């Protein structure tokens, strides 16, 4: 019998614990240590049709500049008490830059990327290297790299930002530093210097033989991603093993110096499902998906949501989920899987239980 | 100028953000991304003279058993809003087992250890292997190992538990499973089977050549720790490099299969300072110290506290701190350094700033 | 005084050593353990103008088929006593396949590659995947992969083979197995299936997340190598660090799953020197160079040789050497550096000595 | 049909190959690339009863000193053409030091160890650290560590040396440097400084957190080895998994900073077989065994040899072999397994073939 008598002595003990900044395990255990992850974060879907107009309104009303730094509007998971956290570890936001605007340079320990679901015309300048942002591109700003953005066109542009801000904030591991008010290189090349040095398949420059914590490839271009996915589906049609399951092509963005994830805390992948294909799983760790093109349905626990271009789907840890593709469905996704795996909390899901 | 006019349109925009579960970065940035870690946790000291009597009272009033599982009383950092967290990532508790009591078996993803500041007579049974607990010993229960404890004596025994419970809870990575009501092996050997197989310096059993995430050494015995520290100070006296700084001997508990930390999320070390020696530093990541013997002073930010045997000192991330030894001062410590280092958030502290 | 009297007793002792299969160190030490590597292999240059006609004559006289397996003619370093070894560890050969000929399939532990200095029209079929061979391509056949070649044209084709045959032979680590008499897939696609799956910069297929000892990229195409080198020189012209020294661009062929060398025993690189550029070094381990295009001079110890397209230059361990480019000079090279580095025998060369 | 007509043209071609330092594969292939390793080295046994008296005679006749450096008498495998190589990669020798003699200091890239089958009284001084040599001890001299030996007693002492001399010689990777004529520290402590710093189970000094290519433990003492083996057999008796097969206990000497082999090229282990126990295997790579105590039989290919204390047994790559213990049989062994494994030539043996 573990429940003590709730008598005066016990009340006094608990009061003394409280005064001495102590808490007993036996009253907390089941909440603290559930039989499986029971995230306070909830599965949730944000529609692009909602996000984009709100970002536009912010573009009209809120200047971008030093202090606030970015016109970024973050997904605030309804389960996380009003914090700007998509999941306990991940930040996801729509960032909006008006015509001819510049977001000033800064750097921080937090690892960041951009993914472009539509538009172009902005260059992000990473450690002085201007990187064009175009539809379908995945762009990196690893921790402690200076970066600013400037829009060279008369049109606004919006994209999504993904970072490990909640994780860094929670673990007290972040540093931040302001940089130049403008961008340090205003040129607008088609291809960044990082890509010219690094984005050749299987080739490593001899000046880059030192160990690199994050990928030196500043931009993973859509034409390569698309070609890789198309090749997988064609190989499947020809009868060769290339897809992860029938009709499901997928690539992981990797650090060419290690073959591992692009940054220490963030995994990023791109998936393509043929019309009618479906996939399901359950993972330790949380993820965010964005529909790049096509339509389909996300099953999240017991709910189902129709999704289309630009929609963002948040999947907390250990959520049971599935995707069904109505048309060919292209999905960008990022997650905290490197945190989970490097600390050995990953666990294979078996339908019958952990 | 980044501060927008606080007019009606802006109020409506913020209200719309709120309704759509969105939060702007520009109002949050400075709190979310400080220039250096600004932990909500505060440096704090718990006195053994306070802890132990409270644990005794719990021993009288609260049974130990299935459900509550353990008579463990956790340090609740005053800055962390009443949660049983010593730091954002670490759990530290005093655990108390009365005469002839048994804490039932269970297992969990959370990595755990015990450190014994005084007493003996309890065996912790880890995956069926009975491990005697004695003064000065450091004992492991890596993630997903079944474990229970039983006190074979007529005296109570108390020790400290360290775990990554807050980190696992926050990142939604934990699983928990009940095991046997009693312990699965009630024998009381002096030395565990794990030690007999593994605790020989530099020798690896051929049955243990597979990769091991956590150390297979169930108990790091005081006589080895003490001998290693004594040897370092003697070597220093003989003129050879062996101490980390004058009068400061230190060992890290390691996984003999990798040479790295004992568990994926927790680093543990033992430090010995000669009377009059001192040390100071500042680290990314949080730590807990326990005085094993001797007296001295901890400087934590601007405060100073006298410490003696059993006292627990909590050091949040990026706290400036120093230790001065009045007598020879033996300190056990554990931290979340493996999390920080594996995710590449470690940073060298230079007195002039980051 | 270490030289013993050469008396009868000593003669008898040495005779007894000999009879018992023993050898004293003291008579052998200086030869066995020189102050720096003193290779029996000599620096040497083979001219393409000599090699190619001899390969043609072999094409007329010697059939290719089961048993001999390949019409390959190996460089036999003049210092190595008539063995078919370019260096103590490396094999280098010209291989020649006549019109419509097929070299049958086999596999072996030895790691192999091909490099094509001129011509096309042959497909090498590696584990059933047909890989077109074209000018400038670097093609892999890692250990224990089945492979055969077939010439689809009415012209002969020649290329160079590089393997670790001498090393494997010396260390007794090799296995060999015959395969199909013909090739198992006679199709002639422009691009291999391996490239379609793997040769996308920074993208890893989700079906290929397992650890891979050797690169899964079957062919490193000339257009990528050339583009990478051109970009380095352009970046140099623009003022950015990209070349290893002025006018010297270089890439290493790597395994995209690790960022390391393509195969466990063989490193391969491509270097481009501008007209007038030069480079010099001295390495532990041996290497072979082939001029791809351009002309220049190799200094090897005290000798100098003019080199041009197709010429093969062998550089034994610890040879002092230098290259001067007369025109833009493109050089393919391979070496045993992974053996040296994985076993920690690498050593930085300082001009003043080891 | 791959055998060409042996006509004049072909003779001329082969003569031209020869003149141009070329060799055709097709006449060499089967010897160069056998279906399984066919070592020129042969399995062989050297008897201690033969070795020791010859070493004694050398002690009487041959001084030890600068130039010859060591009174070491190497096993010369009868298959290896009179070279002082136990196997193609390994050197094994008996070294003998007379009363009060000193072997001068030197260092070399070659990795070395000593194993003491009987006697004591010599200190080996490794990078200035005196290390007592006693029966059953395994002592390291990793590459490029200065070392000399001095006998402090009036008795001679002999032990075995193991090195990678043949491998280093063959691959041209070795450097050698003379050091002090005497030893740089003539003190005779029971325990070396390296052991005082490093030989504590699972404890790493904080001054030793840098990566180490070789083990920093200068001496693996017999009492630890013996205790580890005894524990395994006792655990087996108690019904727990601890032995590699029934009656067969075994430990690998490891680098505590990695958990891997003690040196980059050499693996060392100690095996204990109960009377009546037996073991068999077949490995890629070569090994040397020395009987430490007990008697038994080695089956090597089709032969059988009785062995006893001090006898040395050489096992070339891919030899089928077995051991039968007549009494409790203690065996020290070393091999080139790290070379084989780091270069991925290891292969599991299945009785039915590769």
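As written, the chains take the letters A, B, C and D, and residue 1 is the first residue of each chain.
The definition used in the following text is that contacts are C-beta pairs under 8 Å (C-beta built on N, C-alpha and C of every residue); 3 or more make two chains touch, one makes a residue touch a chain.
Just so you know, these numbers come straight off a predicted model, no measurement behind them.
If you average the Cα atoms of chain A and of chain C, the two centres end up 42 Å apart.
Averaged C-alpha coordinates give centres for chain A and chain B that are 31 Å from one another. Taking each chain's centre as the average of its CA atoms, chain B and chain C sit 52 Å apart.
Along chain D, no residue makes contact with two or more other chains. Viewed as a network of touching protein chains, the structure reduces to one closed ring of chains, two contacts apiece.
The full set of touching chain pairs reads A-B, A-C, B-D, C-D. Residue ranges of chain B in contact with chain A, taken from their complex: 1-5, 9-10, 13, 16-17, 20-30, 32-39, 41, 44, 46, 50-51, 54, 57-58, 61-78, 82-84, 88-89, 93, 108-110, 143, 165, 167-177, 213, 264-265, 284-286, 316-318, 336, 338-340, 342-345, 347, 354.
Note for the complex: chain B touches chain D at residues 193, 196-207, 209, 215, 217, 220, 224-225, 227-228, 231-232, 234-235, 240-244, 250-259, 262, 269.
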